[in-house]
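Could you have a look at this structure, given as structure tokens, before my questions?
Chains: A, B, C, D, E and F, in written order; residue numbering restarts at 1 for each.
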Amino acid sequence: MKLYNIKLLTITCEILAQNKIYEMLKKHKITGYTSYEVSGLGDKGMRGQGLPEEKNMKIEIVLTERNAEKIVEEILLTLMPDYAIILYTSDVQVARMEKFS
Amino acid sequence: MKLYNIKLLTITCEILAQNKIYEMLKKHKITGYTSYEVSGLGDKGMRGQGLPEEKNMKIEIVLTERNAEKIVEEILLTLMPDYAIILYTSDVQVARMEKFS
Amino acid sequence: MKLYNIKLLTITCEILAQNKIYEMLKKHKITGYTSYEVSGLGDKGMRGQGLPEEKNMKIEIVLTERNAEKIVEEILLTLMPDYAIILYTSDVQVARMEKFS
Amino acid sequence: MDIVEIVQANLLTPIVLFFILGVVAASIKSDLRIPEQLSAFLPIYLLAAIGLHGGLEMRKSGLEHLAIPIAVAVALALVITVNHYQILRRLGKFNIFDSYALASTYGSVGAVTFSVGLSFLKNQNISSEGYITAILAVLEPISLIFSIFLVNMAVEKELKRRKEPFSKITKQDTKTEIVHDVNNGTNIDSDTKNKAVNIREILRETITGKAIIILLGSIVIGYVIGDHGFVSIKPVFEDLFFGALVIFILEMGILAGQRLSDIKKVGPFLIAFAVLIPTFNGTIGVIIANYLGLSIGGAVMFGVLFASASFIAAPAVLRVAIPKANPSLYITSSLGITFPYIIIALLPILLIISTTFHNLSSISLFG
Amino acid sequence: MDIVEIVQANLLTPIVLFFILGVVAASIKSDLRIPEQLSAFLPIYLLAAIGLHGGLEMRKSGLEHLAIPIAVAVALALVITVNHYQILRRLGKFNIFDSYALASTYGSVGAVTFSVGLSFLKNQNISSEGYITAILAVLEPISLIFSIFLVNMAVEKELKRRKEPFSKITKQDTKTEIVHDVNNGTNIDSDTKNKAVNIREILRETITGKAIIILLGSIVIGYVIGDHGFVSIKPVFEDLFFGALVIFILEMGILAGQRLSDIKKVGPFLIAFAVLIPTFNGTIGVIIANYLGLSIGGAVMFGVLFASASFIAAPAVLRVAIPKANPSLYITSSLGITFPYIIIALLPILLIISTTFHNLSSISLFG
Amino acid sequence: MDIVEIVQANLLTPIVLFFILGVVAASIKSDLRIPEQLSAFLPIYLLAAIGLHGGLEMRKSGLEHLAIPIAVAVALALVITVNHYQILRRLGKFNIFDSYALASTYGSVGAVTFSVGLSFLKNQNISSEGYITAILAVLEPISLIFSIFLVNMAVEKELKRRKEPFSKITKQDTKTEIVHDVNNGTNIDSDTKNKAVNIREILRETITGKAIIILLGSIVIGYVIGDHGFVSIKPVFEDLFFGALVIFILEMGILAGQRLSDIKKVGPFLIAFAVLIPTFNGTIGVIIANYLGLSIGGAVMFGVLFASASFIAAPAVLRVAIPKANPSLYITSSLGITFPYIIIALLPILLIISTTFHNLSSISLFG
């Protein structure tokens, strides 16, 4: 069975930044993602133990390398200054390439 | 310390498909997995905001490349047509190879 | 945009081992992680369905290869014997290297 | 009280108003929600309360009246399920899977609707026979199990006729088609075997489903402990009942509101079905109950059993049992159309019918 | 009863004591917590109960008294928000974002503090006008919306003056600075357009926020159903109110306790602000209410509206609306300082003031 | 009432019946569950209610009777913990870790069992001294702390004797063995140092555990507010108590039912231990309480303190404090055997014993 290389973009951000990220994905015509609440420690201290608004959200998007780069760049420019965000990309293999491009 | 290359198979599916996946893993004698509830957006719309049955489940399995291929193929053939599922594999390194083979 | 290679260390462990892992991270001056509750099946049976203490925790740490190796080694020596733990590393790409080293 | 007054009085109850509040909140995209685990617990609580109440009542009234109404109810449930199927498949032109799924959704009973019925009667100061809860407990799985059997027999027949994987029967998007070409021929046998195993498993899951277990268990416990044993837990399992119901109904309103836009998608046939069938089934139920000698309130509750469509238990089972059916059809119609229709309009109508029939029969008795 | 007695009596209530228990538990790093979904549900429940109660009372007293107090309250809320801003920006030397965020936190109303106020009065056997709940519902979004407008206008002005990205206005860590250099010049226009869209979105979210929807909805429902319709849900929405409040207050105590160490960080100016401003606003509120003819208890509740600072709804909105403001400032001061100060000390003080003024005006009326 | 009648009456209570329902549901693999966050909240609620109740009672009866029963109870708890250890290690041949873990599980008190005891007495219309709640609060951490000390001293001794990592003492699977060979020699010192830190940390966590904090806090609050202050929160913290207990017991039944198959695995020795030791400890408790002058009900509750084994607080602490002990041993025996045995059979037995002794001593007093 043939598997295709594609990128997985993982974004961990405070819960209040998530809608902005979803809008950004929509703008770039990326129509799929998976998300869930997480706790975490970072420069901005411990998050996820107190008020619900202080939780983190993890968002995972399978997407083409080109799209990944665009999103990462835009997040760095527009959201990073105001919100607690970390992100990374990695290589994954999928069976149905058409779904993610 | 020596680390060994092995595969991580990540499956995101609607919650009702998960038992079928567990059975499939069992059939293939794969005895470990990690799972958790997630929300998500995909071709079948937004999932995870309404009824609990409409949540997605993410299942992660560390396994050999051979097993990964078998599982992916079987899911593509038997579950993909009826359920909301996406899946991908990636490379990970483990310290104790024997646990996953 | 330049992305830098770095490691992602993923640890899945029973909830009672997590504080020990956080202490270990602190000792090694690793100041960031993301964590969330998961269920799972492994050698020690099904976890996450019964008492809350029996849940698993997944901890993800973006860190340098050197640090990843040190942590993996220390966990193998000190926690593995007493607790249900699996761990693996993988390659990810980040935009801001300074944050993780 | 005439029908307008009853409808009016019913419209202004907390239950209907909180349902509307939920719909409004969802429509204007408010972030109002009842947290997930609480709304998962509330049906368990409601069923426990209903069950205990029913058990206590049955202890008082004895079990001797139980057999005939249950037998009649089961027979009626089977007949209407088949009837739904014929209507949906022939007139509605739905595919075999959607037809069975919808037939069984409307053949099964809705515990939440049942709770609202109890609340409606309480509001009108009308009592009902406690043993109707026992009928609820028996009916809860019956229609689902029946549909699972029917759909499996139907699929089996199709399979034999076509000698190809049954998934082809339903319309598929192109991607799936490709996948199934690979799946062709060789896998049929193992598929059939797998299905036999699956059916048994699905039946087991249906019968041991939490709704049935808590309801049956609570009926037995209520029967055993009696009023004396109930005293200490009454504040939780009786006094809080209607308030808890209101909170759950708010969440149901929100869920229904989120599906408002889906209602157009289900098409005019299903919209009509979702209103007419419950009215028809409910009326039949009320009339039969009247002949069985139930009180005015009891006949309404008997009618509610057949009018209601399950939007919690049934979808959960059907999604597993008939995965090829489109869930948005049966959830949208049962939760988005039938449920509000029943709690707003049909309950008063059934009460009018029940009162009328009751008066008729009293008159004929003495006339 | 003199002030010492009232304070003493207030100190020994379940609410204050459970708050202290929460603070202590957090200070000694106990793992005591109210599970997340329950503490997310409790404010919804409290607001529903407050709303229903207010609606029921308004049905009894009529709506004709409503207009003037609401108009006065809205005007007052706007004035004090601007006043806060001047104090914070000029005297406190806070940056523009923190000043607006804090101004609007203290200009908005706290529903939990309002609940504690009701409980405090009940403890003292003093009643209050039901329509104050309606004022709560109107004020809830006003100050937030007002601040969002102000902060956006201010930023706009700055932008024009400087012709550079507005994020430069606030002090930034070096990393951000670098990022924004890239962002320089070309993006300003799209930024401004984006913001127009954003403001509309933020306003929508503020108005449809769950707190406002459940509160307004419950007021209407309470008004519609009346005492008769309320009977069946009273056990949940009235009898459980104070117990539920106590559980929520325990969690608030834990959250406050977790921030004890942050209090030092907010600085002496903000600590003084967090005590003096509520005292001032509350006193003004009580006095005005007295002139509006409210009862002793009603005037206290009117004062509480202005004294209280929102620590649930406001932070949620502000974090989105003014992301450049530092949330630990407004959460720590409102939850960690102002809330305990009000429930422990200011409530009795406002009651004394209200009683004194009431007696003065009765005397002057008849003197 | 003779023993058969009491046992029978006790068997048919909601608590026992819902426990059985839970066991049955789990045995037939139903998906019935109480959502996690709710079942995490219920023990906190139950302890708060018990604590408030105890505090209120102590305010009435005064604190002067408190010292002797507490001192006796602490001494007794220490003696029986050592006694358990000897039995388990010598007769049961358990390893040192499992022996200490089990000894302390059975030496500690179970708050849920305590609640069931209160409910059992209420059912029989028998009252008990309020200050026994204070004993519960003191005993809650004692036995756990004591065991942690003992096990650490024992391990230390072993370590010195063997001069090798203490993990070798227990039987290990081969994989671990390999790991520990690497760990040999050099790491011992840092290990010992680490452990000193750990013990202090574990003690802190034990003492600040949520069960103890909420229980102690509520006792104090109950004592301070008195009946008058309790009125407004009584509906939540008293009226709902038994209903909430029943819901929690249902979940405990489910958890116990899930472990039914594990019971065989714990072996006949531990099964016998899990029945005989509580019977013995409980009887001793009742007799001593009788000599201390407690009432019939008070003596039963005193007995329950020693009969019960903790299956919530203790396992949480032990898993951290003695990670080398096998948790399925102590959880299965305490939750799966001892808890049902106590609530079904031992409570009535202790009541009979208490009544008998009480009558004997009254007779001897006047005889």
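Throughout what follows, a residue touches a chain if its C-beta (ideal position, glycine included) is under 8 Å from a C-beta of that chain, and two chains touch if they have at least 3 such contacts.
Just so you know, these numbers come straight off a predicted model, no measurement behind them.
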| field | Intersection of the contact lists for chain D and chain E | value | F
| request: Find the chain most remote from chain B, comparing centres computed as mean CA coordinates. | output: E
| message | Given that chain E and chain F are copies of one sequence and touch, is their interface built from the same residue numbers on both sides (over half shared) or different ones? | response | different
| Geometric centre distance via CA averages, chain F-chain C, whole Å | 34
| Between chain B and chain F, what is the separation of their C-alpha centroids in Å? | 41
| field | Between chain B and chain E, centroid-to-centroid distance (C-alpha), Å | value | 46
| field | Euclidean distance of C-alpha centroids - chain B vs chain C, Å | value | 20
| field | Multi-partner residues of chain E (at least 2 other chains) | value | 36-38, 40, 235, 239-240
| Considering chain A alone, which of its residues make contact with at least two other chains? | 36, 76, 90-91, 96
| remark: Every chain pair meeting the touch definition is listed as A-B, A-C, A-E, B-C, B-D, C-F, D-E, D-F, E-F
| task | Spell out the part of chain F that touches chain D in their complex, as residue ranges. | result | 12-14, 17-18, 21, 24-25, 28-38, 119, 122-123, 235, 239-240, 242-244, 246-247
| query | Along chain E, where are the residues that touch chain A in the complex? | reply | 36, 39-40, 167, 172, 176, 179-180, 182-183, 187, 255, 258, 312, 315-316, 319-320, 323-324, 331
| said: Applying the document's contact rule, which stretches of chain E touch chain D when the two form their complex? | reply: 37-38, 40-41, 44-45, 204-205, 208-210, 213-214, 217-218, 220-221, 224-225, 229-230, 232-237, 239-240
| If you look only at chain C, which of its residues touch chain B in the complex? | 10, 12, 36-43, 56, 58, 69, 72-73, 76, 86-91
| field | Residue ranges of chain B in contact with chain D within the complex | value | 16, 19, 49-53, 76-78, 80-83
